[in-house]
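Before anything else, here is the set of structures, which you'll find just below.
Two complexes come next, and they have one chain in common, chain A, joined by chain B in the first and chain C in the second.
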Partner chain A sequence: MTAWKRNLLAFALGCGLLVGAWQIVAWQTLPALLPAPMTVASATVALLADPAFWSGALAPSLLRMAGGLSLAIAAGIPLGIIGHRSCRVAAFLAPLRLLLMGIPAPILVILFILWTRGGTWTVILSVAALLMPVFQVAVAEGLRAVDPQIDEMARLFRVPLSKRVRHVIWPAFWTALGPALRIGVANGLRVTLLTELLSGANGLGDAVQTAQTYLQTDRLFALVLIILALVAAFDAALARLPGTGGRA
Partner chain B sequence: MRLFALLLIIGLPARAEEIVLSGPPTWETAPLIALAEDQPLADRGVTFTFRPWTSPEDLRTRLMDEASLVAVAPSLTAALWEARGIDLRVWSATSAEGALWIVGRGPAVENPSDLAGRSLALPFKGNLPDLLMQRLASDAPDAFTPTYTGNYMATMQLVLAGRAEIALLPEPLASVLVAQAPDMARLADVCELWRGQTTLEACPPGGAVVSNIPADRPDLQAAYEAAFARLAAAPQQAAALLASVFPDLPDTGEGYAEMAPRALSLPENRTVLAAFYAEIFSIAPEALGGELPDAAFFDPASE
Partner chain C sequence: MTLFEGANMTLRYDAAGAPAFSDLSLSIRKGDCWFLSGPSGAGKTSLLRVIAGLETPDATRLVRRFERPGFAFAEPRLLPDLTVAQNLSLVRSDGRDMMPALSQLGLQDMADRPAATLSKGQAQRVALLRALSTEPDILLLDEALGGLDAGRWEAARDMICRERKRTGLAIIEVTHDPARRLFQGQSLSLDKARETR
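Entry: the complex of A and B
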């Protein structure tokens, strides 16, 4: 048996143990408080087979998350580059960065709801504001990691800019940006859910809120499974990109 | 032997019993606080202790953990929990004219069609305020644009900030909002809109008094009803009682003064509560757990 198969077996055993313990506790508990694994499995299948779930919950949340993430990257990368090139600009931008990094996510979300009425833009702005500093810092750190001697040599030998970016700057840059992207996607989904949960905007967060309000615990667990699967899928996809620390 | 004889003469001492009372910062909770203050059954060994609940989940946990609990709960939540297999008894429901208002800027709201095109801030998506408005607007689903919030204070702030034209608020917050902003007014009593739209005579019985005590307790119910009746005769007195437990609640006895609270004891008033549930069930069956409460919910003796 290969090491990969042995790991897979260990993973399956771990899952089996967890599900077995869950089933035993579920036998002693009200289904409204802890539904059995099979009930949750049925609820998951029912959700995934429901076109309204895809169009009314999953798609809006993922699109908003993508919008917020794109905005965070679009703002964070230039700010990181500018900050790297000028200490004075970095100092000028530091208060905003510290504010966005330090403010608790629920408070920022509540403020955005107040300022933008709640809805799609509230989610996009919340995700963007909370993730922008991650990309700003990652870009600045990535550029700092570029080896100045190799970069200088490339300049001396008049290596074309495209090749210099590809072979000298990008590898160092990506070692910081890649992991930031992985963290950003997972956190982006979390912030999206939080904002939808607080603002009542339709989406996965609203579905979670509704399941909790109506004590549809099987549906709540099913939603958690779907969200975990989404995070795992995004993480696995990003881990395949070179320079993102695939095994982490 | 002498002690035994003495006990026979003066009567056996009553068994000490602690009843935990609980409720949110709403008018309906005030009679429970009054019970804890007055201890009307102390001579029978019954002690009332008030501890507020902070969320429906908190209340559910207490219902399952406390030995003897009597609490004010949202009436929809009581039916939902019953449907989900959580043991409880519903003693009564509560309704009140002048308890829930549409407040804000613009012309008065005489019927749901007057809400057309207006932005309405309301808290707790999927809960009673939202479902009441959904039912009121069920003949014209696009009657208003809702903006949901996580609590009543945030709802108030949205209107004050001009992000919503009108808001759904209970007393005393409706009074606080009107007092804070001169351009705000009470535009409609939700009870009046409800009567007009549903043809039901009673205001929406949004609150319920629930208990986890399995046996009939006419003594406790009578004590609660007496406290309720005393406060209903002068509703503004609830403000001081609530302030003693919820110091952050705006102190506006004036807001309560125009309220006309009614205790709807069960099973006598089961038709009122059942009709209310039927209205909500018609638009959101999942709010009641997908089924209307059975006869035993209103009257455990009918089992």
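Entry: the complex of A and C
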């Protein structure tokens, strides 16, 4: 058995143990408080089979998350590059970065709801504001990880820019940006949900709110499962992106 | 034909610190062989970097008349994840078969090996090949052959000799072992350096 298969088996065993424990506790609890795994599985299938769920909840949330993430990357990458090149600019940008990193997410989300009156832009701006510092720091760290001796060699030998980026800059850059992207996607989905939940905008957050209001606990758990599956799928996809590599 | 000319060069890495070298003049012509000597910290590598265009000194005159230098650094500076062949093709633009050159330096079986798996001596030979494969007008060797055994060192020297005869490249060499000088050319001692030529 390969190492990958052994890891998969260990993961499946871990999941099985959790589901088993969940079933045992569910037998001794009211279904409204803790529905059984099979009930939640049925609710999940029902949700996924409902076209309105895809178009009214999943698609708006994912689009907003993608918008916020794109905005965070678009702002964070140039700020990271500028900060890396100039200590003075990095010092100038530090207060904003620290403010956005330090302020609790719910407070920032509430402020954005007040300023932008809820809706799509509130979600996009909240995600962007909370993730932008992550990418700013990751880009600066990634650039710092580029081996200056190798980079100097490449410039001296006039290695074409495309090859220099691919073989010298990107592998080092990715060591910082790759993990940031994986964390950013997971956090982006969580902030999207939080903002939708607090602002009442349609989407996954609103679906969670509705399930809670009507005590549809099985539906609430089904939504949690779908969100977990989404985070896992994004993480697995990003982990397979090429470009990681060491330096000499 | 003059490839490099620097008059009254002074190089400081730190404005307040001591200079790497000061008031140094040097002129290098096509086909010249220079041997740079001096104790550690005398500025030999710094001078190579100035010639290559990696550093800019204060100077009354500074001229570089070459397209691309071949620089074999003290560290091989190979990309560890790329194979030997990929490391070489990264800087080559001529598309020539690299196997004859690899064979001459005893690296014929290494073409597909990742650079990270090479020994120090193997990596140094690949770095030398990389420096030569750009068809340089000027070859800068910074302790580049220091880790080679006698046989490999002679093979490397022969290869450089052939390239020099073929292209007329100038060679600037730094080594701590005068017995292993590649050529009996002109010497510049940097511990008491001033103009030599």
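In the analysis below, the second predicted complex is superposed on the first by the 232 of 248 C-alpha atoms of A that agree within 3 Å, B and C clash if a C-alpha of one lies under 4 Å from a C-alpha of the other, contacts with A are read in each partner's own complex, and residues count from 1 in each chain.
As a convention for this text, contacts are C-beta pairs under 8 Å (C-beta built on N, C-alpha and C of every residue); 3 or more make two chains touch, one makes a residue touch a chain.
In this text, all values refer to a predicted model and were calculated from it rather than measured experimentally.
Visitor: After superposition on the shared chain, which partner residues are touched by A:153: those of chain B (first), chain C (second), both, or neither?
Guide: In the superposed model, A:153 contacts chain C only, not chain B.
Visitor: Classify the contacts of A:44 with the two partner chains as first (chain B alone), second (chain C alone), both, or neither.
Guide: neither
Visitor: Check the residue A:61 against both partner chains and state whether it touches chain B (first), chain C (second), both, or neither.
Guide: In the superposition, A:61 touches no partner, neither chain B nor chain C.
Visitor: Now for A:171: first (chain B), second (chain C), both, or neither, which partner does it touch?
Guide: In the superposition, A:171 contacts chain C only.
Visitor: With both complexes superposed on chain A, which partner does A:192 reach: first (chain B), second (chain C), both or neither?
Guide: A:192 sits against neither chain B nor chain C.
Visitor: Pick one for A:163: touches chain B only (first), chain C only (second), both, or neither.
Guide: Second partner only, chain C.
Visitor: Once the shared chain is lined up, is A:30 touching chain B (first), chain C (second), both, or neither of them?
Guide: In the superposition, A:30 touches chain B alone.
Visitor: Using the superposition on chain A described above, determine whether A:126 touches chain B (first), chain C (second), both, or neither.
Guide: In the superposed model, A:126 contacts neither chain B nor chain C.
Visitor: Which parts of chain A are touched by chain B and by chain C alike?
Guide: In chain A, no position sits in both the chain B and chain C interfaces.
Visitor: Looking at the complex, which residues from chain A come into contact with chain C?
Guide: Residue list for chain A touching chain C: 149-150, 152-154, 156-159, 163, 167-168, 171, 245-248.
Visitor: With touch defined as at the start, can you tell me which chain B residues reach chain A in the complex?
Guide: By the definition above, chain B touches chain A via 80-81, 84-86, 119, 124-127, 146-150, 154, 157-158, 161, 163-164, 286-287, 289.
Visitor: Spell out the residues on chain C that touch chain A in their complex, using ranges where they run on.
Guide: Residues 52-54, 68-69, 71, 73, 75-82, 90-91, 115-116, 130, 134.
Visitor: Which bits of chain A are touching chain B when the two form their complex?
Guide: Its residues touching chain B are 30-32, 110, 113-119, 198-200, 206, 209-210, 213-216.
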